[in-house]
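In what follows, chain A forms one complex with chain B and a second complex with chain C.
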Partner chain A sequence: MTTLHTVNKSPFNSSAFDDCLGLAKSGSTVLLYEDGVYAATSGTKPADAIANTDGVTFAVLGPDLKARGVEGKIADGIKVVDYDGFVDLVAEHDKVHAWL
Partner chain B sequence: MAKKFMYMNTKAPYGSIYALESLEVVLIGAAFEQDVSLAFIDDGVYQLTKGQSTDGIGMKNFSPTYSALGDYDVNKIYVEKESLEERGLSLDDLQHLTWEDEDEDWAEKDSIRLVSRAELADVIDDQDVVLSF
Partner chain C sequence: MKFSIQINEGPYQHQAADSAYQFAKASLAKGHEIFRVFFYHDGVNNATRLAVPPQDDRNITQQWTELQKEHNLDLVVCIAAAQRRGLMDEDEAKRQGKDANNIAEGFRISGLGQLIEAGIESDRLVTFGA
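Presenting the complex of A and B:
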């Protein structure tokens, strides 16, 4: 079973990101959107945690990055997708786990 | 008599309505000629990032409004250093907010004051009213 995990809360004031990272299995994908995109910005503990997580693919929603002015701060190795890419990810995985 | 009002901004923009609502209340407070200060801590520092562009998410980009605060005599904007650093940000990542000093031939001055958590605690202690968003 492949899983797409989605996180839309800031990693700094919600446990959603940490919970997700702790339970995401190798082969799954984590998509960060809305305030979740801040987890992908370089120079932060969440970005370090992403870099140290093997076997999980990380993606981030481009329009939410642009809205928040952090498009230029995304850490290496994190794929930027648009809304069509979001839909593709949903279609490619067996299920979606939306973290809250 | 004017009171000292402090508006604490603690949430990121767009993910919730708090940031925009705070801005609305700040402008109302300024219209009543109160002594207004703003503080940005925790995810609130994200409200001030420059280069915000919301075309792709169908929401209003209210970040240009911060640069108008100086015209409403809102020129004490405290940004907590620890919150910026935890988020991999520096002052260079934020908008350059200024105001014009009537008493010094309208000299342009910086509105943002980078303060430590301890310094901010003293500023908050000095306020008559503190509102948190």
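Presenting the complex of A and C:
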């Protein structure tokens, strides 16, 4: 049973990202979108937490990065996807958990 | 695959209403089926036909109405959330003794059971919200 976790809140405003990271199991994927994309920016605490998390795949929504002007600041190891990729992630996992 | 979408946030509030629409469009373009879109909490405000956003801005309600027409989508507005926020169809306006209704074309008002059914009948339920 694999889960796609979606995080749409900035890690600097909300505990959603930390809560998600604390409970995401190995084999699951975390998709960062809307203000959640800030968790993927390099040199930040959340990006370090991502680098230190084994077994979980991280993806970030490209259009939301671009809307915030941070597309060039993504930490290594985080996959950038578009809405097509978002749809594929939903289809590939058994369920979707939105961390609102 | 069969998807359903739940929207908990109103239009122009933050980004969830837009994200949900983009996700729905991409899903349909990839050949997935959308069993139902359920508007809940402040999300019911996406269904008012009386909103008049500036002409150079997107009209979120109209985007849903057009997508509904094109793909025969089932756009369901939660009745309890709608009553609290003053969103009603003709029957509901009559029942409540109101002088007008404001639901946009392509949406229908129904109950929470429709969300439960969407969860059961769909392969995936994706929630967008505040």
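Some points to look at:
Throughout what follows, the second predicted complex is superposed on the first by the 100 of 100 C-alpha atoms of A that agree within 3 Å, B and C clash if a C-alpha of one lies under 4 Å from a C-alpha of the other, contacts with A are read in each partner's own complex, and residues count from 1 in each chain.
What we mean here is this: contacts are C-beta pairs under 8 Å (C-beta built on N, C-alpha and C of every residue); 3 or more make two chains touch, one makes a residue touch a chain.
In this text the structure is predicted, and so the values were computed from the model without any measurement.
When the shared chain is aligned, no partner comes close enough to touch A:3: not chain B, not chain C.
In the superposed model, A:13 makes contact with chain B only, not with chain C. In the superposition on chain A, contact of A:71 is made with chain B only, not with chain C. Residue contacts after overlaying the shared chain place A:57 against neither chain B nor chain C.
By the touch criterion defined above, A:42 lies against chain B but remains apart from chain C after alignment on the C-alpha atoms of chain A.
Shared-chain residue A:34: touches chain B and chain C both. Which of chain B and chain C touches more residues of chain A is settled by the count: it is B.
Residues 8, 34-35, 63-64, 82 of chain A lie in contact with chain B in one complex and with chain C in the other.
Interface residues of chain C facing chain A in the complex, by the touch rule stated above, are 1, 3, 8, 14-16, 19, 22-23, 25-27, 29-30, 32, 123-130.
Remark: chain A residues 8-10, 12-13, 34-35, 38, 41-45, 47, 62-64, 66-73, 82 touch chain B in the complex. Considering their complex, residues 6, 8, 33-35, 63-64, 82-84, 86-88, 90-91, 95-96, 98, 100 of chain A touch chain C. The part of chain B that touches chain A in the complex is made up of residues 11-16, 42-43, 46, 49-57, 59, 61, 63, 86-89, 93.
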